[in-house]
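See the structures that follow.
There are two complexes below, and they share chain A, which is joined by chain B in the first and by chain C in the second.
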Partner chain A sequence: MASTGLSSSTPPDVAPAKGAAVVVGIASHDDEATIGTVARHVSEGLYPHRSAGCIVIADGGSTDRTLQRAYEAVAGACAVVTAPYERSAFEPLRSPYHGLPGRAAAIRAVLRTARDRDAKACAFVDARVTSLAPEWLPRLIEPVFDHGYDYVSPYYVRHPHEGAITKSIIYPMFRALYGLRIRQPAAGEFGCSTRLIPHLLDQGFWDGEEAETGIDLWLASAAAAGGFRVCEAVLGCRTHASRAETPDLSTTFAQVVGALFADLEARAETWQRVRGSMAVPAFGLPPAGGMSPPPVDAESMLDAFRLGFRALRDVWAWIVLPRVILELKRLAEAPAEQFRLDDDLWAQIVYDFALAYRARSMPREHLLGALTPLYLGWLAAFVMGTSGWNQKDIDDRVEQLCVAFETKKPYLISGWRWPERFRA
Partner chain B sequence: MTWHSLADEPLWYKDAVIYELPIKSFFDSNGDGIGDLPGLIEKLDYVHSLGVTCLWLLPFFPSPLRDDGYDIADYRAVHPSYGSVDDFQKLVNAAHERGLRVLIELVLNHTSDQHAWFQRAQRAPATSPDRDFYVWSDSDQKYPDARIAFVDTESSNWAWDPLAQAYYWHRFFHHQPDLNYDNPAVIQEMLGVMDFWLEMGVDGFRLDAVPYLVEREGTTCENLPETHAVLKAIRRHIDRRWPNRLLLAEANQPPEEVRAYFGEADECHMAYHFPVMPRLFLALHLEERDPIVEAIANTPAIPDTCQWALFLRNHDELTLEMVSDYERDYMYLAFGALPQARLNVGIRRRLAPLMNNSRRRIELLMSVLLSFPGTPIIYYGDEIGMGDDLQLGDRNGIRTPMHWTGDRNAGFSRAEPSQLYSPVITDPVFGCQAVNVEAEEREPASLLHWMRNMIRLRRLFKVFGRGGIEFLNPANRKILAYVRRHQADVVLCVANLSRSVQPVELDLTAFAGWVPVEMLGYTEFPPITRAPYFLAVGPYGFYWFELQHPA
Partner chain C sequence: MLVQVQRIMSQATSRIVESVAAFVPGILALVAVLAGSVILAVVARLVTMRALGGVEFDRRAQQWGLGKLGEWSAAKSASAFVARTIQWTVLVGGLLVAMTALDAAMPSRFALSVFEYVPHVLAALLVLAVGTALAQFVARAVLIGAVNMQIQSARTLSLLVRWLVLIVAVSMAVEQLQIGRQILVLAFGILFGGVVLATSLAVGLGAKDVVGRAIERQLQRPRQERDHLDHV
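Moving on to the complex of A and B:
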């Protein structure tokens, strides 16, 4: 891989041409403030593999001192190369994205470098992760080296009320679809084996319009659907310096859930054959100590749901069954203390929206927008219903929800094969 | 998001669902009354929405059109009525963008008498290389054992050419002289033609009339070893230069003869299974399964990488050459009651009229087509139940304009009706106002939506394209039941060929403990035990069950 974009004071690439046992990709673009710490921690975390390790800076054409900072931080402790990638072009009509522009291209550049160097394991991290610690690396890599896993999905420790899109939809549905209990399948970092790399590179999703926002989830689904061995690595908390203004909830929600719905379409042949689910092993322990709760205002979320019901009821009626509308009507009229959104009902609503997404019943951005108030209703019920609970109780609650998604899966399959609107 | 990139899958044709269409009949973009390539590009989203994975385009080359384009005057161009080579390239690109492959015709056996090769041959000295491109004789008595294909119009396979002062050989119409495949220069020319289109991205060729390439005295001039040698040479060329491209043989022969066109997986990848199609219709009319079961039982095994192509109807007559005399007489009585429906040795009708427009019977036959071992081919318009026009000559009555709407010219063209290449169907039952895409798109219970669902369901299970078949033998002969297996997938199909509800007890002891899950509604049925498995199947009803192994 040629070195490009380095200032004259940056040392040239130092890397064996072949045979790097471990390749760790750091995706960057104008990240001079954070990449030094990330690169140093990666280098320290690679300690047992340093002699055969290689850090790949996947850079989208930084105009600041990003690359120089990275090389200085590693200071020759292990090999470093640069893998430039094309950042996605500005699309005025596309929803704002606060992550790394061209993220899919960055991941692909790292995987290609790993493949070309015959790496036995590969990990990928973001240059803006401020909480990255050296121990993240062995947790992402050693399950591959020591235990023969192909895909290592990170499990970040979060406050029970954080990561609610994942808890409410992504995890339960991913698990029901692919039969693997990966709790955060759309997480930002990952580790993978040499066996998985060509499989990932062969996927058809890299150049799609939504690859930037969907790629993390699609990597996990490619591994799960491909029958690869999957495990989790407990990495502690994840904090990062945002590259742009954080988009509103509706945009983030549409990006994350849209990626999952799109995945359904691409892998229907696989997920419709999966029954039940199984746990995946988790390596590492969560850090001790409590976490400060995020500010959550259940009442305002309930208001958003009620407003949504008034404004979007006719839209929802295109998507869900009449009895679901009647149930939502009852909920919209219920006082806060009686507001409970049944798990079966929630699973059915999510599946109905997934079916409508596939059937293109309406423009997809509108469809996902219409799901947002329903999600806020679910979240309000979840927050109110779990107030004061400990982590174990929360986990049990999420497990209950996941079982509902699994139990309802035949509904999704039958709706997929014989859509309700084609009822003869 | 679209993940439509065409997979680098050598056996793609095994999982394919093919949609056959004549460009002239599909959509007219420029208002001249004739469908064209830009029109087809406009309608590609419709084709894609059907769930089919491959287009088969009938001949679109320059031609005097005396045999609907199978009389080719130039192999390396596009008939000006349909567009240009650039338009064709755009079509291939647009199809590939949607994950659709493109199969085109290659008429190897003969050209038009308007082709430059023939006109050169007519004028060339008798022993010259140019003359040698075709099969000539001073006598019309050679090869007397060769049968005549179009008995309604031709009395001999030889025709006198006054310019050449010799007879030329034509296995089909007299204006379609046969190429001389004893001449290596002819093979080289045809390989060059194939390269021309493959370079543009076409995914394969339907090889028209392949049994007749070479002639030998004392034979029927069909299926000769020399013909197979030509096909092997073509296959070697394809394998060497164009991986993952397809050769589909059209050999209207009994399956034991067609078997030879697969070679040892070194000739054609696919070939039509001609005897199955008429026997499906026969079994449905007889209300008993034997004709179908016998047709499959008499089908020889083929190499693993090869595949049968199955169809209910196509652009030709429903050919009855591959059935017994008794069966042919029965078929004429059952389906060809109108004398004008008969043509050559067959019945020139579309699927819906053959089924008396019975939706249940159409669905039953489609369910068998989509679940039998092989790659299904769907003829344009059959997905909406289009009818035919017996007033039009030859096979033109089943090649009428596609019905897009109930408007003028069925939404096919903006031309004056008198300018259309063919009138649209206007009768009260099958006319464009009763049967059209627009109306069926809006009608949730339409045949069009049913077809889409069934095609998509088939595509979810590779077992349909790749699995073996085992027939069950229930006492009730009105029930056709078979098991398809591929790797871990096991599918049980049960069809009632009769007009009344039928009980059936199936011997499924080999699957004791398994659970049948009806595939359309994903409904679990009671587990299979060692006792006979009882089902009641409604009139012309069918079930596809996914047999789930107890986890």
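Moving on to the complex of A and C:
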């Protein structure tokens, strides 16, 4: 897969790279503004492994000076090769939330290159991450080298109001499904071992229609479901330059939650056997200092939930139990200061939607679209209920939610095995 | 004279007997076909009910927007409606076949013309079923999309779209039935032309500021949200 594939103006691959102990992939497409810094920081991070380190630029056919910038930035500090990938056509209405069409192909190209070069460890980063520091590399790679972990999931430090889809659905459900407390399983970067690479490449999800948006989560679930050793690397804050117009909230939500529900369907045999959950070790310390809070308008989210209840009540009635509709009615009528969405109720709603997704109670894009106002209701309650809390309190709050998802898991399993019992 | 009368009577009697003798097999065939069609219709209804029950047709019909079939008819459910329709179709078909067994010219021609019309009825039914399902799908897509764009009149919008699709479907079905083609096209043109003209006038003259503000709000709100809060 790895190939020079460069135009005459692009520097040739810097050899040797065969037998590289560490392969770091950088996914790029027309990223000349940011890739230089990223490549330089990656090569600095690879310093202890520089003799056996290799940077793989997975490029989707950049038309600017992306590749040249990367080569110039590395300046021969370690080996560099390119692994071109086929970038899917850009469709404005279906653009992926991460902004990189062909992301799955890029990751696959990097993993194949790592396998072909007998890499002992592999890491993957995005060329648009502006906050990437040289320390990120040791944190993603050293747990593999020094501690024998197979999959290193990043943990970014974020403001409590950021990453709410992950906090409210992805993390609690992933944890309940696979029994591993990976707090950001759909994060963009990762590290993996030589043992895990062929397992990931053998997965059947690469060419699927949803791979574009689900690949990050599916890599984590493949590692977790495969019984591999998993840990977290605390990387600090993640900021990135946006590539294109990102989709709106409901599209983003449908892509991320749809990927989780699709994974649920694909690994039903595995997650039904898992009970409880265990913590995974985290390497690295979060940076000191707080973050400025993003502007959040809880009142408008609450309005969106109330509008959703008025307009979508009949649609929700197809998916959730009648008593849930009654609870939602009570919430929709409650004043803002009394608006609290109970964890058990939220877990029940998410599981009901997952079951409806499986049963194809309605077209899946409709189903996921109908869940968005409920998510906004959850977020409004979370923002209003945690105002002024410190990080520890927030973590405790999320832990409480995760426990609710774990406690409710038998309901999900029952509904999955005997769907006819749960139909109205 | 008496002999002549006797001969005429005898000839008339024999003609009547011959006619009756020729007619009786037709009657017997009619009765047999009718009895057969009744049995076939009942069996078809029962088999249809069972088959539709097996594939959970009532639940699926609700999803496809065909759940109101049962409410529109005396049947209690969509599957009962379909089963009854099949039953009556078999019965009517049997009756028409039975009429041809009489070998009478008029009933035969009538039966033939009815049979020729059947494909049109089937096509109209198919168009109606597809139209209803499409109306449900599109209306729900519009409803969910509008709610997620926080359009307050999402339900009204969805209802309008549903009826628009339904009206088009009904018009196409009536077109298939070859009923009042010219009138239908005219009525359709007048109705939609009128609606579009009235809306344009209302927006252009009466509510352009309101519409402008609403569009501005819709365009600005998601952008602000996108720019500041990372949900993933």
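Details
Rule of thumb we're sticking to: the second predicted complex is superposed on the first by the 399 of 424 C-alpha atoms of A that agree within 3 Å, B and C clash if a C-alpha of one lies under 4 Å from a C-alpha of the other, contacts with A are read in each partner's own complex, and residues count from 1 in each chain.
By our rule, a residue touches a chain if its C-beta (ideal position, glycine included) is under 8 Å from a C-beta of that chain, and two chains touch if they have at least 3 such contacts.
Just so you know, these numbers come straight off a predicted model, no measurement behind them.
In the three-chain model built by superposing on chain A, chain B clashes with chain C.
In the superposition on chain A, A:234 contacts neither chain B nor chain C.
Looking at the shared chain after the overlay, A:417 reaches chain B, while chain C stays out of its contact range.
In the superposition on chain A, contact is made by A:161 with chain C only, not with chain B. In the superposition on chain A, A:250 makes contact with chain C only, not with chain B.
By the touch criterion stated above, A:262 is placed in contact with chain B alone, chain C being left untouched. By the document's definition of touching, of the two partners only chain B reaches A:276; chain C does not.
Shared-chain residue A:325: touches no atom of chain B or chain C. Partner contacting the larger number of chain A residues, of chain B and chain C: C.
When the two complexes are overlaid on their common chain A, residue A:77 makes contact with neither chain B nor chain C.
Once the two complexes are laid over each other on the shared chain, residue contacts for A:209 go to chain B alone; chain C is not touched. For the contact definition in use here, the residues of chain A common to its chain B contact set and its chain C contact set are 423.
Note for the complex: chain A touches chain C at residues 97-98, 158, 161-166, 186, 246, 248-250, 252-253, 256, 294-296, 300, 303-304, 307-308, 310-312, 315, 318, 361-363, 365-366, 369-370, 372-373, 423. On chain A, the positions that touch chain B within their shared complex are 203-205, 208-210, 214, 262, 265-266, 268-269, 272-273, 275-276, 410, 413-414, 417-419, 421-424.
Against chain A, the residues of chain B that register as touching in their complex are 1-5, 7, 444-445, 449-450, 453, 456-457, 459-462, 489, 519-524, 548, 551. The residues of chain C lying in touch with chain A in their complex are 59, 62-63, 137, 140-141, 143-148, 150, 152, 154-155, 158, 221-222, 225-226, 228-232.
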